[in-house]
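Next come the structures, one after another.
Here subunit A shows up in two complexes: once beside subunit B, once beside subunit C.
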Partner chain A sequence: MEISTNDYRVWTEGASIHYEGTMRLSGTEAYAPILEIMNSVLGSKPDLITLDLTGLEFLNSSGINLFAKFTIEIRKQPDVGVRVLGSKSIPWQSKSLRNLQRLHPALELTIS
Partner chain B sequence: MSVTHVGTEAPDPQDGQSVGRFSRHSFRAKFIAVVGAAVLFDLMLAGGVAIWNVQRLSNDATEKVATGLTSATEEYLRTYIDTTALRTDLLLDQVFSEVEALGGAMQTLIDNPQTGTNVGRTVEADPKLGDKLVYNPQAGWSQNSPGESVVSVWGYLLDDEGNPLPEVEAQISDSSAFNLIAPGILKTGSPKLQMYYVGPKDKPIMRTTPYTDQAQTFDKLYPGHNEDNFWDFFFPGVYEGWQSWIKDPGNRPVDRDIVGTDPYIDAITGARIVSFFYPLWTADRSDVAGMAAVDITLDQLSNLVENVKIAETGFGFLTSSAGNVIAVSEAGAETLGLVSVGGEGQGVTGIDRLLGKSRFPEVANLELPHNTGTVIDSITLGGDGDFNEETGEGYIVVLKELSPINLWNGETIVSENLTLGFMVAKDEIYAPLTAVQLELSEATERIVYWQIAALLISLVIVTVAVYAISGRITKGLSQLAGAARALQNKDYSVRVDIPTRDEVAAAGLAFNRMAEEISFHTENLENLVDERTKKLETANKEIGALNKRLKSENVRLGAELDVAKRIQEMVLPRRSELEIIPQIEIAAFMEPADEVGGDYYDVLFDGEHIKVGIGDVTGHGLESGVLMLMVQSVARALQEKGDKDPIAFLDVLNRAVYKNITRTKSDKHLTLAFVDYIDGKVTLSGQHEEVLIIRSTGETERIDTMDLGFPVGLEADISAFVATLDLSFGPDDILILHTDGITEAENAAGNMFGLDRLSESAHSNRHKTAKGIAEAVIDDVKMHIGEYKVFDDITLVVLKHR
Partner chain C sequence: MVEDFGHTHSSNGGDATRFCLKLMAEPLELSWHHCGVTSDFIGEYFSRACPGDVDPVDARHSISYMINEILENAVKFRYGGDIAIDSSLLGETFEIQIVNKIDNETASRFQELLRELLERDPGELLLEKIEENALNPDSTGSGLGLLTLMSDYEAKLGWSFLREHVSEGVKLTTFASLRLS
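The block that comes next holds the complex of A and B.
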């Protein structure tokens, strides 16, 4: 599955979800299609869901809310592991992604 | 719909009007011009060739006829002159034969003296034929009395009594046979004036038949003749000439004994005559024994020559080799310009009409032929004397030399060739040719005229025919043009009917189809427009209704936004509230990206304790505003309750908000941090953006708040994550709180404003009041953004220790 616009691109490779570009969508409703993709991956109950954010340059607060909510959903299913890949060179990731781990301590966060 | 003129040149209105009609611009005129030109060219070419051929034919014919007629004329003239020459020769020959017959008989008597003497005595004895001489004492000569012939005996041949001397007496007797022979010859054969006999030089008695008063006439015309020798007096040189022939036969110029004379006036008859002598020889041929002679009038020759008639006035003439014209008609003499001159002859009177003395130099210069056969020459007479063809009259002169004769020229005997000449005006002889030429020329002219007339008539017929046919040929085009014009004038019912089966008819069919389509579309256009209009009206009504609904919706939304905005504005602390705070100078700036922002800040002051909050609700709008209001209310309530523990404060606040969010099924949450000030010390709690502190020394501190809390509204219990951080905050120290709207403000190049710029901006303005610092930083942020879009709410709170 894939969503692609001028500003960003979201696509899945198996249980990996990749994010790229700048996501500055206006609210929860606007992020719904992306959440749908993420939920469908979660619905397949994989052993490990990988969220690759290394190409995501910018994410607004509604987007952070999306990831927080998704993390809480994963947390409800202990069988599903989650791994988040971030980049040190992108400022918002190094501080905001830690919150995801706090929400779900089993979340594997790799900021490289 | 717009009308487009197709074509390279816009036709002027008149041309437009005249399309299809006959004018010099019309197709029909061009068609006629092309066909007409082709036919004209054809006719001109054919006509020209025909006329040229006719002219050539005419010229050829004229030339042929001219050549033919000229040669025929020449042939005719040659034949005619040959014939005439032959006749002349024959005439002379006959005369010669008759004088030869007389002379021959006399010669026979001489050659047989005894018989001659006997014959003479017999004749003399005859009472009728015998001479009966009568002496004329006054005149001194003796002559016989009238009879068949006359014999004259001159005085020097008589004795004193008037009787002939004895030998003369014998001569008279011996030659009296003349009386017997000559009269018969004279009367028969060709017309002769007279025949005569003259005795030898020593006894020159003269016998002549018919009888005339011979001696009397001589006495009258030639006084002194009776005293001189006859031969020497009348014909000097003739006798001696003959005598020279005996000595040398080569002296005889022409191989015939006959000797002629030049024309002269006859002494006896007064006629213009020519004499021909036939010499008699002695029996031993040692000397001349007299002669027999004949006189003929020139009339005979003249008749012959003058009877020559060529064309109208063509004439013949006979001339001696010396150019003395012997025979010619009066008119001929006039044409030749001859002048008669009386001869100065001693014995006989000659006449001269010499060609050489003609009034016309061309005649005078005529060269007579000699041994050259027939000569045809062409001369012009009556000109200006210098051979002027235009004023003079052209003549053809034909000359032919006759057979030669011996001629006594008054002194001696020479060979003479008479020349026969014809002269005819060219105008006359060539009259038929001229007539033929004229007729040919006229015929040619007639043919040419007819040809031209036929050509013109053909042209007229062709033009009329082409005009008539062109109407039929271009009728279809005219119809099309007219129909197109009608169509242009919006007459869509127009149709053409072209009965032919050519391209024009095909164009007509296509036109009819197009006209039908145009007609159909045009006539249905109104229906279509009506239909569409109705549909549009319906749609418009629907849109209107929708618009009304939208308007009401907008009003509702607008009202909603208005409410949210009011709430946000109401919740924010008043400036008056901030100004009364004694230790800390606080300035705040907030600008929402949309009508209602998601940013939150508040200053809670209870008299001694200052609590400053800053947060960022996810999203915007009424829901975010309400959440913010909730947070503010809870915070206010907790502050009023006197809860001084920041951790508990945040924990309770989170629980309250979380539960409300769950109840309202809102997806939102917020970051939230607090700064508590009391007695030169600040306590930071809650997770938000980095806090910036600029010390009074100018030193800048950045405090990460990630480990001081957790987003509010996400989890039911966040107490495990909340922590506090105490920091000193003395006089002139500056503390700056902001939302990500400032650091993430982008310019057109995509560069964010960032914490570094914020820090620098605040640092460079640190000596200003809190309000001054806030304004300066916001100015820098806005300058950074420029014309680019503002994505997020911008909130800045500056605290400066007094």
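The block that comes next holds the complex of A and C.
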């Protein structure tokens, strides 16, 4: 599964979801197709979902809300683990991704 | 009549590096993508003017995130008219004022939200709002951008509402400042 635009690309490889570019969509509705991809990975009930954000340079607060909502969905399924990969060279990630861990302490966050 | 909320003053004076921009409503047909383009431009501009002990990558991203969030609100809720942006940098202090017009009803709803935002710890309220939004599929996540700025970026924010004539709506000035590191 893949969504590709001039600004960003989202694609899956098994239970890994990769994000690249700049996501500044206008709200919940605009993010719905991306959430659909994420929910379909969750629907397959893998042991571990990986959210790879190491190529996601900019994200607006509606996008942060998308990841927060998805984290809460994963939290409802204790058999599904989640790992979030971030990059130290992308400042918003060190500032905002820890909120996901506060929502779901079992979430494994690696910013390297 | 003027009503102020939060930090509605600026400290950067005449010595500051300053950059002003007006997004004209009509010829430009102001739309969503102008938020990102404008905030990236101003972020890039000031990252080149930062003092040596400030990380320019962090400055560019933080300035850009802050302006984009405030501009997205300005574009989403504006009641016609232009959007004026006045930004300045003095030492490590980056400040911005964004002026736009909103209608009376939007102003009242926004003031209600601001009273809640300013009363509470932003980090706690951010998580509470996220949990609330997750329970309500129709929720728009209103206020989350401001809370991330206050909580994750330690930005100081303020809002000044000026009502002159009821039929002309409300002039809203958003103040935001960031200590770059």
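Note that in this section the second predicted complex is superposed on the first by the 112 of 112 C-alpha atoms of A that agree within 3 Å, B and C clash if a C-alpha of one lies under 4 Å from a C-alpha of the other, contacts with A are read in each partner's own complex, and residues count from 1 in each chain.
Here is the rule we go by: a residue touches a chain if its C-beta (ideal position, glycine included) is under 8 Å from a C-beta of that chain, and two chains touch if they have at least 3 such contacts.
Quantities reported herein were computed from a predicted structural model and do not represent experimental measurements.
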Notebook entry, point to check: Is A:60 in contact with subunit B, with subunit C, with both, or with neither (first, second, both, neither)?
Noted result: both
Item checked: Which superposed partner A:89 touches (first subunit B, second subunit C, both, neither) -> second
Checklist line | Superposition-derived comparison: subunit B or subunit C, residues of subunit A touched | finding: C
Check: Which positions of subunit A sit in both the subunit B and the subunit C interface?
Finding: 24, 26-28, 58, 60-62, 64-65, 68-69, 72, 95, 99, 102-103
Next item on the list: Please name which positions on subunit B make contact with subunit A in the complex.
Entry: 598, 616-621, 667-669, 671, 687, 704, 706, 710-711, 714-715, 721, 740, 744, 791-792
Note to self: Considering only the defined contacts, which subunit A positions touch subunit B in the complex?
What the structure shows: 24, 26-28, 58, 60-62, 64-65, 68-69, 72, 95, 98-99, 102-103
Next item on the list: Within their complex, state which residues of subunit C touch subunit A.
Entry: 32, 35-36, 40, 57-58, 61-62, 64-65, 68-69, 72, 76, 126-127, 130-131, 133-134, 139-141, 144-145, 148, 152-153
Check: In their complex, what parts of subunit A are in touch with subunit C?
Finding: 22, 24, 26-28, 58, 60-62, 64-65, 68-69, 72-73, 89-92, 95-96, 99, 102-103
